[in-house]
Structure formats: structure tokens, C-alpha cells
Amino acid sequence: MNLTVKTTISWLEKFDEKIQVNKDLLTDLDQAIGDGDHGINMSRGLTEVMKTLESKSFQTIGDLIKGVAMTLIGKVGGASGPLYGSAFLKMGAKIGAKEQLSDEELLEALKEGEQAIIQRGKASVGEKTMVDVWSPLLEDFSQETHINWEDLKVAAHEKMTGTKDLHAKKGRAAYLGARSVGHIDPGAMSSYLLFESLAETMMEGENNNG
Amino acid sequence: MNLTVKTTISWLEKFDEKIQVNKDLLTDLDQAIGDGDHGINMSRGLTEVMKTLESKSFQTIGDLIKGVAMTLIGKVGGASGPLYGSAFLKMGAKIGAKEQLSDEELLEALKEGEQAIIQRGKASVGEKTMVDVWSPLLEDFSQETHINWEDLKVAAHEKMTGTKDLHAKKGRAAYLGARSVGHIDPGAMSSYLLFESLAETMMEGENNNG
Amino acid sequence: MKKILNDVNAVVDEMLDGMVAAHPKELKRVEGTTVVVRADAPVKGKVGIVSGGGSGHEPAHGGFVGKGMLDGAVAGEVFTSPTPDQVFEAIKAVDGGEGVLLVIKNYTGDVMNFEMAGELAEAEGIKVKQVVVNDDVAVEDSSFTSGRRGIAGTVFVHKIAGAMAESGASLDEVEAVANKVIKNVKSMGMSLSPCTVPAAGKPGFTLAENEMEIGTGIHGEPGVERTEVLPASDIVKTLFAKVDDDLQLTSGEEVAVMINGLGSTPQMELYIMNHTLSKLLKEKDLNVTETIVGEWMTSLEMAGASISVLRMDEQLKELLAAPANTVAFKR
Amino acid sequence: MKKILNDVNAVVDEMLDGMVAAHPKELKRVEGTTVVVRADAPVKGKVGIVSGGGSGHEPAHGGFVGKGMLDGAVAGEVFTSPTPDQVFEAIKAVDGGEGVLLVIKNYTGDVMNFEMAGELAEAEGIKVKQVVVNDDVAVEDSSFTSGRRGIAGTVFVHKIAGAMAESGASLDEVEAVANKVIKNVKSMGMSLSPCTVPAAGKPGFTLAENEMEIGTGIHGEPGVERTEVLPASDIVKTLFAKVDDDLQLTSGEEVAVMINGLGSTPQMELYIMNHTLSKLLKEKDLNVTETIVGEWMTSLEMAGASISVLRMDEQLKELLAAPANTVAFKR
């Protein structure tokens, strides 16, 4: 199924829902190895994204995603604000005036987003950040022309839980040194929710369209 | 039995012991309706009194009691320091160069102490302070030439517990208004210990001397 | 009890030592005492001002020693009035020949101990006057009891009497302006949690998770009323209503206000209180000449705050704005 | 959670409102933002200095806005870096034509958000430089990680860079002296109890009644080691040893020190810490030019404290002693 403006909105709505439901979980994860605000930050940001989507209408996926980026940059703060914000900004720029995206085009856009996160945050794979969901996940699917969304969801979940065993080198958890091991990275969890939302949206779309 | 320099010292030693044993109780009572330092204040003061008694020798009861007064004034602080200090100061002045005190003379000296407390603190009977032990107790025994110390001890205990039902008008407990009712006044408790120590010292002396 | 300390019986001594070590240009300690005085004390030809009380209210009182405020501060044990001999040492150390004003907070112990010290000083030929601060409207004002407590409003007395003394005024004049402040300043506080006197080792009272106490004293004395935890705006309205009730402020008047944290209340919360307080004052058409927010008269690590309002006139405005250079209060 | 507040989502807005209402002569708020600037901003011909970060560290950073320190402070949500647009607003509001220095505490979020703001400002033709404070020696200094955190030592950067800017220095000169301070200031903290972010509603970590944490960050980030509660003297020795290890102080050197309370630690305990610290410094034959004790960079109502040591030279001495007139820090 191609991604459209409408399904992009569904994706973001689902992401918002999941963030709100998991707000306390994200906060708990961040309390364990950070400063305990990741749930609050993401919840505030997505609430604002929903307001943006309600108050404006977007003709192209690129504009929509850029609008989301600006809201995230302006409302989330912390480390995750600039990271998600930059990711969406670059994704939006890549997508441009398109009204539909094939799986391949979507993967390319997501890859742009991943690069933006790495550029902004300077973290590499294995440093226990959201990068440990984005990079290996997109790597796994980089050759696909048709994504099996169930597989992607499962893979994203694996990457997310995989951060548990890592020793943090970037972000606040790095200050904990070895004590960071044994906890899932909160940003990895919110990134998982992002990909899970996307996968579920795409699967619903496929089911509806037969 | 007449009070001598030696029995006065025994009295003070016993008082010190009781204060140290009841330090937490006094503090608890003061926490309920005051600021929670009465046990600490009295404990510090009596520890210093014991040091004074060790480091100096006194020829007369008056000098001894005055020495105690100066230590209390200089070491207790709070409301109880000036009150007990003034009481002992005036008692010492009244006793003067005597080396022995009959029960009558002792009662007279204690009466001076009571007057000093009232003069310094301006509290009357019924205002839930140490005055509610000193005044009615000395009044009860004012006609005696030979004190029954067991009776005095029992009477002092009664006066002390009697402060429980009073509504405080002086001291920190007064700020509590009606909420002060139901708690024994800490200064009444320490005053009871003072009289109890005196009574027990006198009874022991009587037993030893046949 | 969790505290950063060594020996519960040495807290006052070590605190004073650490304080004088930190501020050698500003403060010195009278040797062998619990008294700190201005490094340049006694100031010849100036009325001296001595205040103090139990410790545990820091920065009061040592933090207010310096040019334009106090000449000396006497520290008692935690929450326990200092003894007369210590107060007497302070009086002697700051007397510059023009006499000494004692600023006493109205607690039976403080009044008695400072009074006795005054008697000792007068016996040695030092002119001494005393003023007794009783700004806490939480407590009933009755001549049948010991009356109202002195709390954060005392800092206004220190500041204004200090400026008056610095201007070269006589002991009578300094006393008069101190009494003017006392008459015109009213305060009331509340607490969300108790504090622990080190030597006691346990909190002075307990409050349930949903309870607060209105009218708590600065020594952990229980307050006058216990309620559920109210929103900041209601807390401020409650405290201000009592203060205003007493001051009877009228439209167009000028006031200075203080929001004083009791120890562990973050500045964030104090400013949130002012968010409401400044509106209330505006609604009443009062002119705020100065708003002082911070921790001035604390109660160890108690959570809570008090509000003080001082009715101003031209003289008080000038004196409050006059320079002060103390460790904790600079102007 | 017991706090004096109205709406957990409005704490920053109400705080800023209450702050500006309290200090209208000193501060103004850039309308519609979480930025407070000097009442006279922008100061023509002077380099502007902007700092900020998450809220909950009061008096940092708004309390340091004023002549001789910061020109503007940006407040994020509690413990959350402010967003680039807010920082950009601050830059625009304080730029007096000579450019703006951003003083950033080294946290990934702060660095990224301030950096993005700097990019926005440069795109509009405003000269912007940034310095990143990383004084916390509790954290390993490694180029493979995000490096050390910025904590209380930041206040020295504010004060000294602020004095330099006030003197009319250029943006490069102000940047240079800020970096000199950063290179020479090291800090380390500890905590006895956690703090609660209002919107989170529960403490950031838990400590048993007999536990303390060494190396805790100012956002309630867990520290580097948990021990039983140590006496004040051992706490100070532990913290100072780590700081000294890094600074490698040698006999005869001059230092300025700061003992910073994290929120609910009474001043009494901070001075008790200095009782030991001043002795350690003397034993090492170090000359203390200034000791600053109080709450400067807090962590809401956390109990605990940090020690900062700044190696001095003539320039730093002069700039640290220069006048400053901010709400929280006056010289």
C-alpha cells in the first residue's frame, strides 16, 4: 500500500495514541537511566502535533511531515525534540511535494530521517540511543521493495528490547556508565512506538483495501 | 532529715539521671505542643551542671545552688533556661551561707524559686506551664513543718498530669490554642522530675539514717 | 534523619566556623562564643544592632550581619534561644558608644534571655533598648497570652533599623523606626512537611501525604489549622486574607512584600505564589514598592512558605532601599 | 508529591510571571515566550549573554539576569532543555549589535537546541558564539561519550563572562574568558534524597534511609556510586578529592570555591561542609579568594550539595569581584 496524506495522518494519530498510553512507561524508563521526562516531553509534543493537524490542512506528505517537524522542534525540547524534529524535517524535505509514497520511497525518506538523527546527535549504533532502533531496522529492510509490515513491527520490537543490554555512551544514560545496562533506552522505546504505529497503519490500510 | 550540701548534690545527681532517662519523653512532649527541644535543653543543662559539680567544691548550699543557677542560665537557653536559672538563683540567694536546711527552710527557698519563675515568665496558675507544678504543690505543703516526701512526690505527679487538661496561655503551646489540651506540658514534666528527685533523695536519706 | 553533618551536638559551632571561614572579610566570631559580628565591629559612633535566636533559621541571623543591617548575631542551639551570657557578649562586641538595639522575635525564651542580657549590659553602663517582633497573624493577638510570634517580618526590621543606624541616628530613633516596622508588618506561613532538629533525630510533627498545615511556626510548632493540600492560589489567598484582615490595607497604599521559603520549597514555587499574590495586590489597588522572594527566615528543611506585607511610608521606603552589604542580603 | 502549585503543566509560565511581577525594575519577559531579559535589554554596544536550560534549577538561570551577568535566560520545561525557537527569541532580544554568547550546560538536549537556535540567529545575521560548560568530575571525561555534565560551576561562567561583557569586551574576548573559566572550574555533588518533577508526580529515584548517592546530576540523574550516609567531613573529602584530582591544584595557588545547595539542604549544613572544606584548602596551602555558599544551581527540592573549585588568576579575580546586580546574585 502506498502512503498518502491521509494514511500519514492516521500514522501520526496512532503514534500520538501510543505515546499518551505509554507516557508513564516512557517516564519510568527515563527515570531509571535519565531524568524522567521523556514521556512528558513526547506526550506534550504529540498533543501539539495533533493540534497542528487539526488546525491546518496539508496538500502534500512533505508539507505535512515538515509541519510535524516544526511542532516537534518547537514543543518537545530536551534531546528528543531536536532529534525527532530534525528527522521529520529531513524526511519532509526528501518527500517534497509528493502525495503518495511507495514502500521504497518511504524507506528512503526514513533513511534520511535516520541520517538527520545521527548528524544532530552524533551517536553511533551500539551507544544505547534511539539510533539503535532506527539504523539496524532500516538496514534490515533496505533491500525490500515491498515491506512486510508485520515483520518490520517484530524487528523494531527486537531492536528496542536489544537496547536493554547495551552500555550507554550517549545521552544522559551515559553518565551512569555500566549501571545503564539492564534498562531499555526510553528514546528507543518511543522510536519503536513510531515504527509500530506506521506498521499497524499500513497493515490496516492493506486489510481495508483487500 | 535536713538538706545538706551532700544531699543537695545527691538531689541534683538524681535529677540529672532522670532528665537523661526522660530526655526523649520530654522532647516528645515538646514536639506535641512546642518545638521539640525541651529534652535536649534540659539534658544539655544538667550534663553541664554535673560538670560544674565535679570541677568545683561548694561549702554552702547557697553557693552550690547559685553555681547550678549560673550553669543553667548559661547552658540551657530557650524558655526553660532563664526560668530554672532564675529559680535556682533566687533559691541560692535565700539560702545563703547555710550548710543545712530544715524542711521549713527548704520550703521557703523553693517558694522563692517559684516566685522567680513567675516574675520572669509572668505566667499564672492554670496557663499550662511549669508554674502549674510549682505553685499548687508548694501551696499544698506551705503549712508543713515536716514534709511527708512520699506525699509530696504523689502530689507533684498529680499536678504534672493535671496540666494535660489545661488550655495553654503561655509559652509556645499557647500558639496551639485549644489544640494544646490533651498533652502534658513538658516543663511541668521536668519540674515534676525535679521534685521527684528531691523527694526520693530525702526518703533515701531518712532510710539510711534510720 | 538524613543530614550533612558530623556531630549533632556540634552543629552550631561547626556552622559558625564554616561561615566565618567563608566570609572573613565580612564577618568575625567573638572568640569562645556563638556570636558573629561585622568584621569592623564595633563601629564607633553608630548605634549597634544585635539580633539572634535559635539556630536553624539561616540565613537569619548571621547572614544579615554587615553594613546596613545587623552588627551582631547570636546563635542559640537549634531552635533554642541563646543564653544571656552569649547575647551579652554580642552587645559588648558591637557597642560603639551610642548604645545597642536588641531585635527580639517574640518567643518567651528569646524575650527572657535577651532581657537578662540587657540587664547585664546596662549594669556595665551600656545603653540597651529592645524591640520585640510579633508579625505572625496566625496566632491570636491577646494580652492574656504571650502574644504573636516573630517570623519572617523580622527581616524587614533588621533591614530598616540597620539602615537607620547606618545613617547616624540615635538609639531612640533607631528603636522608633524599628517599632514602626513592627507595627506595620504582618506575616503568615504554612507548611507541607515538617523539619528535624538534628539532636532530636526525628521530625517535629507529621503530616499525611494529602495534608498541609496553615499557620505553622518557624520552629516546627504545630500550626493553627490542618487542611488538605490546597492549590497555590488558594494558599496565597488564605494567607493574604489573614494578613490583610489585620493590616486593613486600603486602596492606593504602598506596601513591600516578602515571600519567604521555609527551607525546602523550591524558588519555583515561591514565584508561583507571587503569580497570585501580585494579582491580589493589584486588585486591591495597592502599590508594591518592593517584592522580596527567597529564603530569609527558614525552618531547617521544612517545606512551606510565608507571606509578609509591610505598609510603607516615605521613610520606610527610603530605608528599605538603602544599601546593605551582608552575606545574605545585599542592596 | 507535595508542592505549592496550581497546574503541573503551567508551572514554568506561572513561575516566570511571578518572577517578572516581583522584579519589574530588573527583569522583563519577552512576550509569548519563556525568556526573561534585563529590563534594559538589548544593551547597545555590549556583547549579550544568554544562558538557560530546563527549569527547576532556580535561581538559575533567570535569577542571574542583570547588569554584570546574563542578558537573558531561557526557561525550558522542568528539567527539559528549551526549544530552539525560544532560545532564538532570547538571542534576538539581547543582541545589542556586538553579538551574543550562549552559555550552555553540557547536556545533549541543551547543546542541540541551543545549537539550532544559533543557526537560526546566524541566518538572520546575528553573530553567535557558544561555550559548553562541563564541570562535573563525577562523570568520566571521554571523547567517546557526550562527556561531562555542566553543573554549579556554570554560575562562575555567568559571573565572569558577564563582567567581561560589561567591561566592553568583544564577543571573542568574552568567549575566551568563558572558556578559561570552563577549563579551570571543576565540581562534584552528592544527594541524600531525590526530587520530583511536577509533571512526573513521583521522585526521580529512591534512596534508602541510610543511603546517599555520590555524583548525582542536577536533574535527578542517578549518581555514580551509592554509599551509606557519610559524615559531612567524609562527604567533603570525597568530593574535594575528585575535584582536586582533576584540577591538580598545587601549593600557593589561588582558588574560588562554591558550596551549592541542591534545594532542601539547610544553609547550616552547607556551612558545616565549609568547616571541613576550608581546612582542606588550608592544608593544601591554597589561597581562597572567595567562598560562595548558598543555593545557586538547584535541583528542585533535592537534598544534597555540590562543591566547585575554580583556579584563579588575576583576570578571573578581578572579574569575579566586579559588580553584579541580578535578582539572586549581587556583588
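Going by the order they are written in, the chains are A, B, C and D; count residues from 1 in each one.
Definition applied: a residue touches a chain if its C-beta (ideal position, glycine included) is under 8 Å from a C-beta of that chain, and two chains touch if they have at least 3 such contacts.
Values in this document were obtained by computation on a predicted structure and should not be read as measured data.
Contact with chain B and chain C alike is made by no chain in this entry.
Taking the mean Cα position of each chain as its centre, A sits at the greatest distance from chain B.
Chain A and chain D have Cα centroids separated by 32 Å.
The geometric centre of chain A is 75 Å away from that of chain B, both derived from CA atoms. Averaged Cα coordinates give chain C a centre that lies 29 Å from the centre of chain D. Mean C-alpha position of chain A lies 54 Å from that of chain C. Across the assembly, chain A contributes no residue in contact with two or more other chains. Annotation for chain D: residues touching 2 or more other chains are 78. Viewed as a contact network, the protein chains form an open path, each link joining two chains that touch. By the document's touch criterion, interfaces exist between A-D, B-C, C-D.
Chain C meets chain D in the complex at residues 2-6, 11, 14-19, 21-23, 55-56, 58-59, 63, 78, 192-193, 209, 212, 229, 231-233, 235, 259, 263-278, 291, 293-295, 298, 300-301, 303-305, 328, 330-331. The part of chain C that touches chain B in the complex is made up of residues 54, 76-85, 107-109, 112-113, 116, 138-140, 144-146, 149, 197, 199-200, 204-205, 217, 219-222, 224. Note for the complex: chain B touches chain C at residues 27, 31-37, 39-41, 44, 73-83, 120-121, 169-172, 174-177, 179.
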